[in-house]
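Heads up, the next two complexes both have chain A, just with different partners, chain B and then chain C.
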Partner chain A sequence: MSIELIIFLAMVVVFAGGCFLLKLPVSISMVLSSVVGALVGGQGIPLRHLVEGTFSYVDTILVIATAMIFMKVIQESGALDALSALIIEKFHKIPALLLCLIMLVIMFPGMITGSSTAAVLTAGSIMSPVLILMGVPMLETACIIAMGGILGMIAPPVNIPAMIIGGGIDIPYVGFEIPLAILTFPLAFLFVLMFGYKYAKKISYEEIAPKLNTEPREKFGFKVYIPIFAAIILMVVNKAVPQIPDLGMPLVFLISAVIGLFTGYKIDILKTCKEAINSVLPVLGILMGVGMFIQIMTLTGVRGLIVTSCISLPNLLLYVAMAISIPLFGAVSSYGAASVLGVPFLMAFLAKDQIITAAAISLIASLGDMMPPTALAGIFAAQVVGLKKYTDVLKRCIVPALILIAWAILIIVFSPQLAAILP
Partner chain B sequence: MITLIYRGIIAIVMSFTVWNLYTEKKIALQANAAIVLIPLLLRLLMIK
Partner chain C sequence: MNKQIITASVCLLAALSVAGITGKNFMEVKKPDELRPGPGVTQTKMLSDYFPDIAGTNADSTVYVMEGEQPGGKMLVLGGTHANEPSGYLAAITFVESGKVEQGTVFVIPRTCNSGFTHNDPQEGSPQYYTIQTKGGPRQFRYGSRAANPLDQWPDPDVYVHAASGQRLSGSETRNINRTYPGRPDGTLTEKASYAVRQLIDTEGVNLTFDLHEASPEYPVINATVAHETAMSIASNGMFELQMAGIAMSLEPSPTNLHGLTHRELGDYTDTLPLLMETANASQGRLRGKTNADLVLTGKDKCYVKAQKLGFLYVPYDETGHPIEERVGRHLQGIYEYSKAYSAQYPESPIVYNGLPSYQELFLDADPSELGGTQLGKYLN
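Right, the complex of A and B next:
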């Protein structure tokens, strides 16, 4: 057994022990496993490397934190309530379309933050009562929210696993929008119909209408939606008019959040920001832990072992190994899976279109958010609808997860042909 | 200019993280917040 494998096993054992036995937060377990990995690898406690690791995700945590502030502001201002009431009012006669639009609303925070947790905790918590009102059982509602969260995290414009994978071989995050849309939206619509259509087709608007919160729309009218439009416009304006400098996602979210203070209900901004940061701190901590974990894996040669093992696999086995190992590594973190396994698998598929392949691998990596013990999407979705056992959600999502993997592999296989027809 | 705005955003996120650290009851979650603070503080001071 090579020393790298011993180090890796030691890190995994300490991480699992921290999570399951000591019930420590995932971030702390990761820090401990990183320290143990460095000790076993004969590096002592390399403080510089541990701190260096946290910097891998410093921009990402700024995006997540500011996006969550924006989400909380539009939630408190009444914009999300107004949006869901509007969608149901306009589309209740076409339940399939209504479900698809609800799925888009659930995905939206994930699309702009790149975090499934943000989607599940914000739009997921708003749309879950609506889905239950429509007659969708709690378990299926949790599954819709969980899958919406992970697909939202991968859908454009912001996909952090794709950024991480692309960054590994110096591909800028440009040109990912259409491949990501092809990968995610058909699956999102399929899953929401799979879970909800048989219940939603019997929807009675008269029963739901009194329970919808239409007050923000009636009180503030169109202006309640302005922060959402502002965020979208500020995100795309630089692409339409390149002379305008790119503001960066954190600034876009903060500007839109400030606008949101004046377009709806009055908001206690300090309390709202504190709550926003509090709800994302576990995710931010995990990212810091993942950064340290991967830095120590790189320092001790464990990452090299994984990379060479992946690249040296026979072609057919590559797909099988990718389909199994990336979601499994997601038990540590989906971002970690993207970084540690996504990059070598992308290099192994050099004959394919690299942007489409990176996008497809990021889709598989997203399943990490359904993998215990972290299982962020599954755990939070169960919490949001009030289910006691999140494992039921995970079991119910096995078939969609397999469909998702098959879809990603299909896209990778036909990526050269797809690239030829895409603009 | 953009660097100053960037540092301002870091200061905002950092201040709410510190606030959460002080109001958090569980030590493990306080440690979690402290880990998040490390890169934010170093980047705010432009040390790293």
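Right, the complex of A and C next:
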């Protein structure tokens, strides 16, 4: 047994023991596991490496924290209720179209930021009351939001994993739009109908009308929506006019949240911020723990062991290895999986069309955001609909995830033929 | 005292202690390595002399000027474009410490992306330093990051749009100096740094520019020279000589649709003839095993040996690895052969220098037990 395998097993055992035996938080278990991994690997307690690893997710942590503050503000200001009532009122007669539109709305922030978290915490939280009012159960609503989030992150125009994978072999991010659209939009419509249509088709406006909270709309009128429009405009403006500096997602959310303080019900900002940060603190801790964990894996050679083991499978099994290893590694980070495994797998499939293959691998990498312990899309989707256990969301999304993988592999297999017919 | 307050205080104290220790360590790596220029260096300048906007920032960097006794052409050597590619950095330092120009002028920037030397990439587990035994005793050299320090330029946009071409890349590439050429005087700090390099080339009338890189062994462009179309005839003549010297080197034309890189933009926007060279560096690869200073200097890695057997690599890889002498030797021999080809093609402005070890001396003739730093150290002061 190689030393790397021993280190890996020690890390897994300590992590599992911390979580399940000692009932420690996931983040603390990851810290312990990292320390043990370093000790077994003969590195002592490398404080610098442990701390450096946690810095991987500084930007993500800021996005999550500020997005949650924004979400709480628009919830408390009445904007969410107002928007839900408006959408249902306008589109209740055509439930299938309504569901597809809702899916596109959920995907939108992901499409322009490349982040499933942004999609789930913003548009997901806005659309969840609509879906629930339409009769879609909480669990299915969370599944729609989670899958919408990860498909939004992959859908064009912005797909960070594809950029990372392409950058690994110097493919510029050009010509990805159509392959990404083919990969994502059919799945998005399929999944939203799979999860929601059987409930939404029975929608009766007369029954749900009394449940709609129309008061914020009546009381504040159009201005209640301003923070939502502000967020959308600030996210889009730099993409449409690149000369305008990118404010960055955290600042976009904070500016929009500040606007929200003046457009609806009065809000106790201190209390709202505290609640928001409290609700995401465990996830932020996990992200830091994961950063530490992967730094130690890299330092000790465990990462190399995993990557070389994955790519050493026979050719036919490469598809299976990719389908399993990339989402599994995505438990650490979907971007990390795209970089560490996505690039070697793209090189293994060099005989295929590179752009389409990179796009399809990025789709598989997106599933990392549904993989525990990070499972950002799953955790936040459960949180925005008010579910206590996010694992139910993950279980329910297994079938869509398998469909997604099959679709991605199919596209890779037929990528030369597809490339020949694409403009 | 309330039990919760005691627990919280202990946790806070522990966190502050860790932050203090690691923060001090982080600040220490900002201190630049001590270089010991040899007699060939006739003056030192700063990159900010060519573009004052970067003075006092982490983008500023020392430019070593080596003037020959006879006039001739002008050559620029860019080392440390990526601070995690040590052969480019060390080749530039070897030039500064051992080289002596006879004809023409050579400008050497060992830390082209100075900011990249002031931090390491999270999750990469990279060493902060590697040590080489030199003539003057053991010397530490910084191992940094491919990109500029986020503390100097933050936050990254979601998508990096290359200003001159509109090309889109992932946001973190905004801090990669070799994606920001030709640079902008009013751009990001990294764009300003690349603009300063361009200004140097224009102001000094640099004829020939080398950008020294390393690549992971699984990267297709490796043990290669990438040449702008204007430099292609020099590159092909030089490569012929390299192959005669037993150095396998492929020649790649600079892609016209990949923007921001020296070999494309310096050729398009200045009169210099740009060439970029790549050697094999396991310590920056995705497939590597245990990551430490030994890996940086020896390139010995069992994961790469396995990957080679699986057919995933673009360079031969066995248990002997790719020691730093081989990688620095390739760069130095490459500069020598290409500059010789330049001098032959432009006899009115030749560039002639001496004092540097050949590939044969540095690598092929070395005692195998001295590979991995000791042999290279013989040419460092």
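Structural remarks
We adopt the following convention: the second predicted complex is superposed on the first by the 245 of 423 C-alpha atoms of A that agree within 3 Å, B and C clash if a C-alpha of one lies under 4 Å from a C-alpha of the other, contacts with A are read in each partner's own complex, and residues count from 1 in each chain.
The rule is short, and it goes like this: a residue touches a chain if its C-beta (ideal position, glycine included) is under 8 Å from a C-beta of that chain, and two chains touch if they have at least 3 such contacts.
Just so it is clear, the structure is predicted and the values come from calculations on it, not from any experiment.
Of the two partner chains placed by the overlay, only chain C lies in contact with A:340; chain B stays clear of it. Touch criterion not met for A:368: it reaches neither chain B nor chain C.
When both complexes are overlaid on chain A, the residue A:277 reaches chain B alone and has no touch with chain C. Contacts of A:254 after superposition: chain B is touched, whereas chain C is not reached. More residues of chain A lie in touch with C than with the remaining chain of the pair chain B and chain C. In the superposed pair of complexes, A:109 makes contact with neither chain B nor chain C.
Once the two complexes are laid over each other on the shared chain, residue contacts for A:51 go to chain B and to chain C alike. In the superposition on chain A, contact is made by A:305 with chain C only, not with chain B.
On chain A, the patch touched by chain B and the patch touched by chain C overlap at residues 51, 54-55, 248, 250. Here chain C touches chain A in the complex through residues 18-19, 21-22, 25-26, 120, 122-125, 128, 155-159, 161, 166-171, 173, 218-221, 255, 257-259, 286-292, 301, 303, 306-307, 310, 312, going by the rule given at the top.
Per the touch definition, chain A reaches chain C in the complex via residues 4, 41, 47-49, 51-56, 59, 112-115, 158, 160, 163-164, 167-170, 172-174, 238-239, 242, 246, 248-250, 291, 294-301, 304-305, 307-308, 311-312, 336, 339-340, 343-344, 347-348.
Contact residues of chain A toward chain B in the complex are 24-25, 27-28, 31, 51, 54-55, 58, 61-62, 65-66, 245, 248, 250-251, 254, 273-274, 276-278, 281-282, 284-285, 288-289. Against chain A, the residues of chain B that register as touching in their complex are 2, 5-6, 9-10, 12-13, 16-17, 19-20, 23, 28-29, 31-33, 35-36, 38-40, 42-43, 48.
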